[in-house]
Amino acid sequence: MTTRDKPVEKVSRVVIRFAGDSGDGMQVAGDRFVAETATLGNDLSTLPDFPAEIRAPAGTLPGVSAFQVQFADTQVMTPGDRPDVLVAMNPAALKSQLPLLARGGNIVLNIDELTRRNLARVGYDVDPRTDGTLDPYVVHEVPITTLTVGAVAKTGLGRKDAERCKNFFALGLMSWLYHRPTAGTLAYIDTKFADQPQVCAANRAAFEAGWSFGETTEIFAVSYQVAPATMAPGTYRNISGNVALAYGLVAASERSGLPLFLGSYPITPASDILHTLSALKRFGVRTFQAEDEIAGIGAALGAAFGGAIGVTTTSGPGVALKTETIGLAVSLELPLVIVDVQRGGPSTGLPTKTEQADLLQAVLGRNGESPVPVVAPRSPADCFHAAIEAVRIAVTYRTPVFLLSDGYLANGSEPWLIPDPAGLPIINPDFATEPNGDNGAFLPYARHPDTLARPWALPGTPGLEHRIGGLEKADVTGDISYDPANHDRMVRLRAAKVEGIARSIPPLAVEDPSGAATVLVLGWGSTYGPIAAACAQLRAAGCQVAQAHLRHLAPFPANTGEVLRGYDKVLIPEMNLGQLALLVRAKFLVDAVGYNQVRGLPFSATELAEAISALLEEDQ
Amino acid sequence: MTTRDKPVEKVSRVVIRFAGDSGDGMQVAGDRFVAETATLGNDLSTLPDFPAEIRAPAGTLPGVSAFQVQFADTQVMTPGDRPDVLVAMNPAALKSQLPLLARGGNIVLNIDELTRRNLARVGYDVDPRTDGTLDPYVVHEVPITTLTVGAVAKTGLGRKDAERCKNFFALGLMSWLYHRPTAGTLAYIDTKFADQPQVCAANRAAFEAGWSFGETTEIFAVSYQVAPATMAPGTYRNISGNVALAYGLVAASERSGLPLFLGSYPITPASDILHTLSALKRFGVRTFQAEDEIAGIGAALGAAFGGAIGVTTTSGPGVALKTETIGLAVSLELPLVIVDVQRGGPSTGLPTKTEQADLLQAVLGRNGESPVPVVAPRSPADCFHAAIEAVRIAVTYRTPVFLLSDGYLANGSEPWLIPDPAGLPIINPDFATEPNGDNGAFLPYARHPDTLARPWALPGTPGLEHRIGGLEKADVTGDISYDPANHDRMVRLRAAKVEGIARSIPPLAVEDPSGAATVLVLGWGSTYGPIAAACAQLRAAGCQVAQAHLRHLAPFPANTGEVLRGYDKVLIPEMNLGQLALLVRAKFLVDAVGYNQVRGLPFSATELAEAISALLEEDQ
Amino acid sequence: MTATTGGTPLPLTKKDFTSDQEVRWCPGCGDYAILSTVQSYLPSLGIPRENVVFVSGIGCSSRFPYYVDTYGMHSIHGRAPAIATGLAVSRPDLKVFVVTGDGDGLSIGGNHLLHALRRNVNITILLFNNQIYGLTKGQYSPTSEFGKITKSTPMGSLDVPFNPISLVLGAEASFVARSIDTDRAHLTSVLTAAAAREGSAFIEIYQNCNIFNDNAFQAMKDPASRDAQTIRMVHGEPLRSATTSVIRGPGGLMLVDDPAHPDAVIHDAHSVDPSFAFALSRLKAPTPIGVFRDVPRTSYDRLMGDQLAAARERQGRGDLASLLAGNDTWTVA
Amino acid sequence: MTATTGGTPLPLTKKDFTSDQEVRWCPGCGDYAILSTVQSYLPSLGIPRENVVFVSGIGCSSRFPYYVDTYGMHSIHGRAPAIATGLAVSRPDLKVFVVTGDGDGLSIGGNHLLHALRRNVNITILLFNNQIYGLTKGQYSPTSEFGKITKSTPMGSLDVPFNPISLVLGAEASFVARSIDTDRAHLTSVLTAAAAREGSAFIEIYQNCNIFNDNAFQAMKDPASRDAQTIRMVHGEPLRSATTSVIRGPGGLMLVDDPAHPDAVIHDAHSVDPSFAFALSRLKAPTPIGVFRDVPRTSYDRLMGDQLAAARERQGRGDLASLLAGNDTWTVA
């Protein structure tokens, strides 16, 4: 699979989108394409995009599952706005994905599926190739099903099973088109289907047939090469947000010496963290699949009382259920990490789509004055570091901490410079081991003068027996207290403790290469990529714009107000109706403007650039 | 009990506080005093103040239960800052309540309980009468226990039971001192103890003995009269917030023609609403004590789907648990009323104390963009009208609505001009009865052009069969939709619907008699009384200050921004750390300043007046 | 043809209960068979369509209401029994079904399900037991067998599963049955038995998830093995499979390898003491299917309605003006 | 005196388990008696104080941990079994008790309780059943008798109560017992039996709430009636009260008015089939007290620990660097 007879063109940046039925294996094709792209040294970013149903009936619009990847020889910040190539396995995929394509975009179309019945099913009265629908695009017609079945025939696999290999045919074709290496995928097929030699042979055959089809037919006149990106030296891997987050928790466990305990109830798009951690028992990780979200966080809190890093993973509806227990953790002042992989809301909403609309729930959504620090990663790989930071805050300050990921970060992936474990932060649990009061008394609510953290005394420690609970506690002693002045004091102490975390976090950094920008774009979480890409586009076009991105949403870095006041205009793009904007306006009285989309999808860098440039113009 | 030989003094305003053990019947004494005071035509306001334990051991500080009432011949806005008379039934009551008294305050002290053991139990090493502790006060020593037992002897009641009558002795004494009528209390005793003639006679005897004690001994040189307040003509009763709220719901049921369904789980301080409504079955009210808060609201939502006014009552921890279901109601767009009687938080906090710290939870505390209107009553009697308003919004706009009461409103009481039912608002459920689409189709998410409300079609209506759920729905049809543009549209439509409620509510009114104030005091909920009292004090002292009070917290009245911008300074007193202030600052970018206390108690008008006047001075 | 329903005359047909929504389960899923059986059965109730409501939670199974052309609510995870309680109690004129799964109904929603049953709320609960979480792509559920290897339990699950029948019998359920997705006749018979009574009915339906837990109940379906693997319980008839009989043992009931054993226990679905049904519920391989328990009990909605009526009889219809006034008023002139 | 505990030498005394907090229950409350019995019993465990933890929910009963001088957590309503699960599973070295009430444990917390029991988590659950909500001042609870008049049910409650013993047996509980607050000797014996085993123990304790539900269990306590009103179950002994015997009936077990009936059933607490214990749980007046069921089962924490050990044995101790690297890397020079 390496001879090349056709001309080769060098390109810098490509966006590909695979789309087919939920059962068509598009996510697998995408994952493999990415693995090969990564080892080739391109920078990349991915976006899996699939329905909430497991396998909606074949050929229907709701059943379409897609996978998009952008890769380039320079830095890649997003999965790309508009695909250069859409691989459409059937009419449903074609119809649903067409709006994403720019004029002139390429479509690799599986013409075998364009039967009248299939077309009618998605509302095409006539074949879209015949009525001008596809005129704006470059269509490459490929009988993918037939070719796959033909290639696979020699393995003796039945027709139905043979057809299921068509994702590997498509993958082979795209691998040829973009000069992806093939050895990794062949090895993957061998391992994956080791138990089923016939299926293994069939998938290999389909993959090779796809590759050869590109090479031998006239369908594509040229193939494309994308040179490796210049990246910092080191060893890289590709990693998704959920896996990175799970690994970050394990790293924090190793670096703190505390065992990791996950109490969780499955929910999309957070479940993969549970799956990943459940396979890491060799790290002493205990995963507990609870009967519901409340039990999941309850068990995590119980484990924290016993000295573990207690973690619970969920999405928005699960956070709603955990709210009361988070309040208890605030009152108990025990370390706890609540991972919220945000998805489309309200209510069940769009379970497989991304959104940033749980921010205010995390910061403010509890009864009573109940401050909780909030940390958010900015990219899939950054989930690793954000998880360590969340554990650091939780353990150091004896507090529940929110880690706000989202569906895009969770399932999206990017290359990651693998860190040296020895360079990761050390977290000191600083357990109480001795009485801290007079006459050998233990005072569970006597605070550390700097952090205001209370002592963490583990059951099993002789002499420190004590009781804690959700009723208001007397300052210092922790006994139940209904005293008005004490309550006021405790409310303010808890608030001050969380505010004080700001002293332990880096100041908000601004990226403004010219130093002359008057407009600041402020973001948080997964919008980092699109915002950075949009700013880069604008700067390339000669505009001046500054970018800052918040990792800590509560408390804000100490210099945040100062930074914001340094600009004429502050634009806050969010995948919600303006939640960070609300917090920033309230706290700093800065007239920050929102740019808001609630579409279940990451921002398009181009659209964002347009919005920013509109503001730049206003500001002139 | 009507001869009066001693001099009588007229006073305008009195604050009395009864304090004793949880088992001493202080709440009953207070309630009876209030009932008599009300019928006398004084204006009044009350504050029951009791511990979370049912009956903590006698004589201990945590076991003290107190009841405070302010009554006057002019308008009364609060239960009073500092008692004129403290009735202290034992050393625990004395010690715990003493800090509330001003210098020169009166103490009616039950000296029978000042045994060395009782004193030691609360940490008095010596009798506080002997070491100067009580010097700043006027102490009236009364052997209440002995006198009660003596008076009751004739009924033959055992000593233990006899002693239990001492609350009526104290009540009798205070009734004499302030010229309260006695017939009502005697009638109350007769009814209450109808089954126990001996106990009945004993309590009568104790009550009369207390009255006579005042009249015949030298302990009080004078007695006091408080003239009736000038109040609007009409028939009055005394009413507590929880009862008023329950009656408001019943009134809304009557005025809408919809049956009332309460799904609730007991929790302090909301349980009395459940108790009150469970006794109103003759109004067709169904009360369902559920297995937990989630089932309570779930059942209410199910009933709403069936055409009832679905209501759930709870406090902060319960709201936390209901969060997910509230989100479902937002998505289903069904009417639902969530009553949150706020108490001290976070977590279990101070269950029997008041607080306003659930505002942000109500407004913002859900996953996804999940707007919910919020209404808050300003006084115990106002709970009636606020409940009707909450139902009006819920039914008209097909939305869950928060009704934010608090512990002070719930248990406090005041005179209420009983409204004529015919004058109460009519609520029109406007059920869907006919298809609203083409070809007899029913479109459950086609909206009313003005209110953006969707049709409410009840099961049982032929031809309108439809399915609704928590997944995102296609605009108009309500079918499941994962379409990005549709999601964005629906998120904005739901937000616009709730924002649009502002068009149906009265503008924010400002009270500024001089019209020249530059400082506005903005409040919400139960702080109305203390703020009004503080403003009145300041105006009486020649200061100019404006007051505005928000009944609608989401959305705000349309003119709110305009009002706020009309003042140099805006002060927002809240029993939290600044929750309304956060919303106001974010929305209007007005530099509103908070005055915050989180003590589990209503504000003192005097302290508030000081805070306001500090701001007035700054502003000069 | 005595009643009409929005223009659709009675009797209705399966088609009347088929909504216009595309069914989105995986091809081959056992849910299809259940849907079809239920749609065919509904006309037999003789209830107008508009008086039927399906309430579900979240899960593959909980998509059920979308496909039935009645009123319906696809609610949130585990809460359908609570929501249905409010509806059924306040609208006794409706026929309310709850559709739930082994995760929805026994994991997150276990408490609501059990409380609804002890109250005997007027709802028919269909629990689709596929012994797996389908919608979240295959984690083990509270009914998965011990040691099950799934995405979240790569070394096998550690939990002893619930036996749903034992569980609900322990919670005072008064109608309890079990059936199988693809056995249309049997499922219809159980549904019909449930319809005949007042109050709660609980029906566990073994359902195949061909994607994440294929063939979990195959032995009970396979023509070759099914008669040996199931005990078809019929009230008043001996309890036996093709190869065994049920006899009394010291601690409960037990199986003997003799399908004609003279001491085979006669099924008594109407035994007031749930101990008999409980003992039956412990049998497996062969597994009893049919009605375990069916004893009459007044439904919750009727009891509540009776109280409302009694209150009105004793105190008269509520009068708002006198309620507001109360007993202690004074007048300012 | 072989071990020491923070300077307190073993064996410990009741006083060692008495905290400095003022007990805040109502005078006369049955909780006092239970507290005293438990404090007296704890030294017999021979476990250092610091290795004992009490976890509770919310309710009068749930104030219990404050009064025992061990580690303790007064958590939130209904969630103690879940919290204790996390603690017990991650700290197998601790002895974890859960204290709960009939509301806390069977109303809001029913699901957690049942799931903890089916998992056989290593916790001892003490459920104080006073058949009322004490702390919220007297509403009916899931164990209140049908028709109970309370603040929230002025015309009587409409719910058939749970029988806690039947309920937990339906949930696969392996140690199940019942005792009475004031019967110190009996309660101690039940606690001792529970201590002898691995995994979950469930003990229902009838507890008098003298303020809101006084004398609910008086007949079982009154010296004049108690022997007739209770069946003191002893493994291997006939089941009988002073006036009745337990015999087998067609549907389960039944009572005959003959304390010396020759067919009196011999108690078998170790019956693997829970049907026997279930049948016993249905008896009332006289009411069985003692151990209904006690069958061995490996605890959840041990199973989990074993998996961790097995994973390390098979795969070696986790190495962070190789985890982070994974299998698919490339190097940029």
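Before moving on, here are some points about what is shown:
Labels for the chains are A, B, C and D, by order of writing; each one numbers its residues from 1.
Just so we're on the same page, a contact is a pair of C-beta atoms (placed from the backbone, for glycine too) under 8 Å apart; a residue touches a chain by one contact, two chains touch by 3 or more.
These numbers come from a predicted model, not from an experiment.
The most distant chain from chain D, with centres taken as the mean of CA atoms, is A.
The interface holding more C-beta pairs in contact, when A-C is weighed against B-C, is B-C. Once the centre of each chain is set as its mean CA position, chain A and chain C turn out to be 39 Å apart.
Between the Cα centres of chain A and chain B there is a gap of 45 Å.
Residue positions of chain A with contacts to 2 or more other chains are 52, 62, 281, 291-292, 317, 324, 327-328, 332, 347-348, 469-471, 480. Along chain C, residues 58, 76, 107-108, 110-111, 115, 142, 155, 304, 307, 310-311 each make contact with two or more other chains. Looking at the complex, you find that chain B touches chain A at residues 51-52, 62, 315-317, 319-321, 323-324, 327-328, 330-332, 342, 344-353, 355, 357-358, 360-361, 364-370, 469-472, 480, 482, 484-485, 487-488, 491-492, 494-495, 576-577, 581-583, 585-587, 589, 591, 597-601.
Interface residues of chain C, counted against chain A in their complex, comprise 22-27, 58, 60, 63, 76-78, 107-108, 110, 133-137, 139-140, 142, 151-155, 157, 211. Listed in rising order, the residues of chain D touching chain C in the complex are 107-108, 110-111, 114-115, 118-120, 142, 155-156, 158-163, 166-172, 249-253, 268, 271-276, 278-279, 282, 297, 300, 303-304, 307, 310-311. Of all residues in chain A, only 35, 38-41, 184, 228, 231-239, 247, 250-251, 254, 259, 261, 263, 280-284, 286, 288, 290-292, 294-296, 298-308, 310, 324-325, 327-328, 332, 418-421, 440, 459-471, 479-480 touch chain D in the complex they form. Those residues of chain A that touch chain C in the complex are listed here as 23, 52-58, 60, 62-63, 265-268, 271, 274-275, 278-279, 281, 287, 289, 291-293, 317, 347-348.
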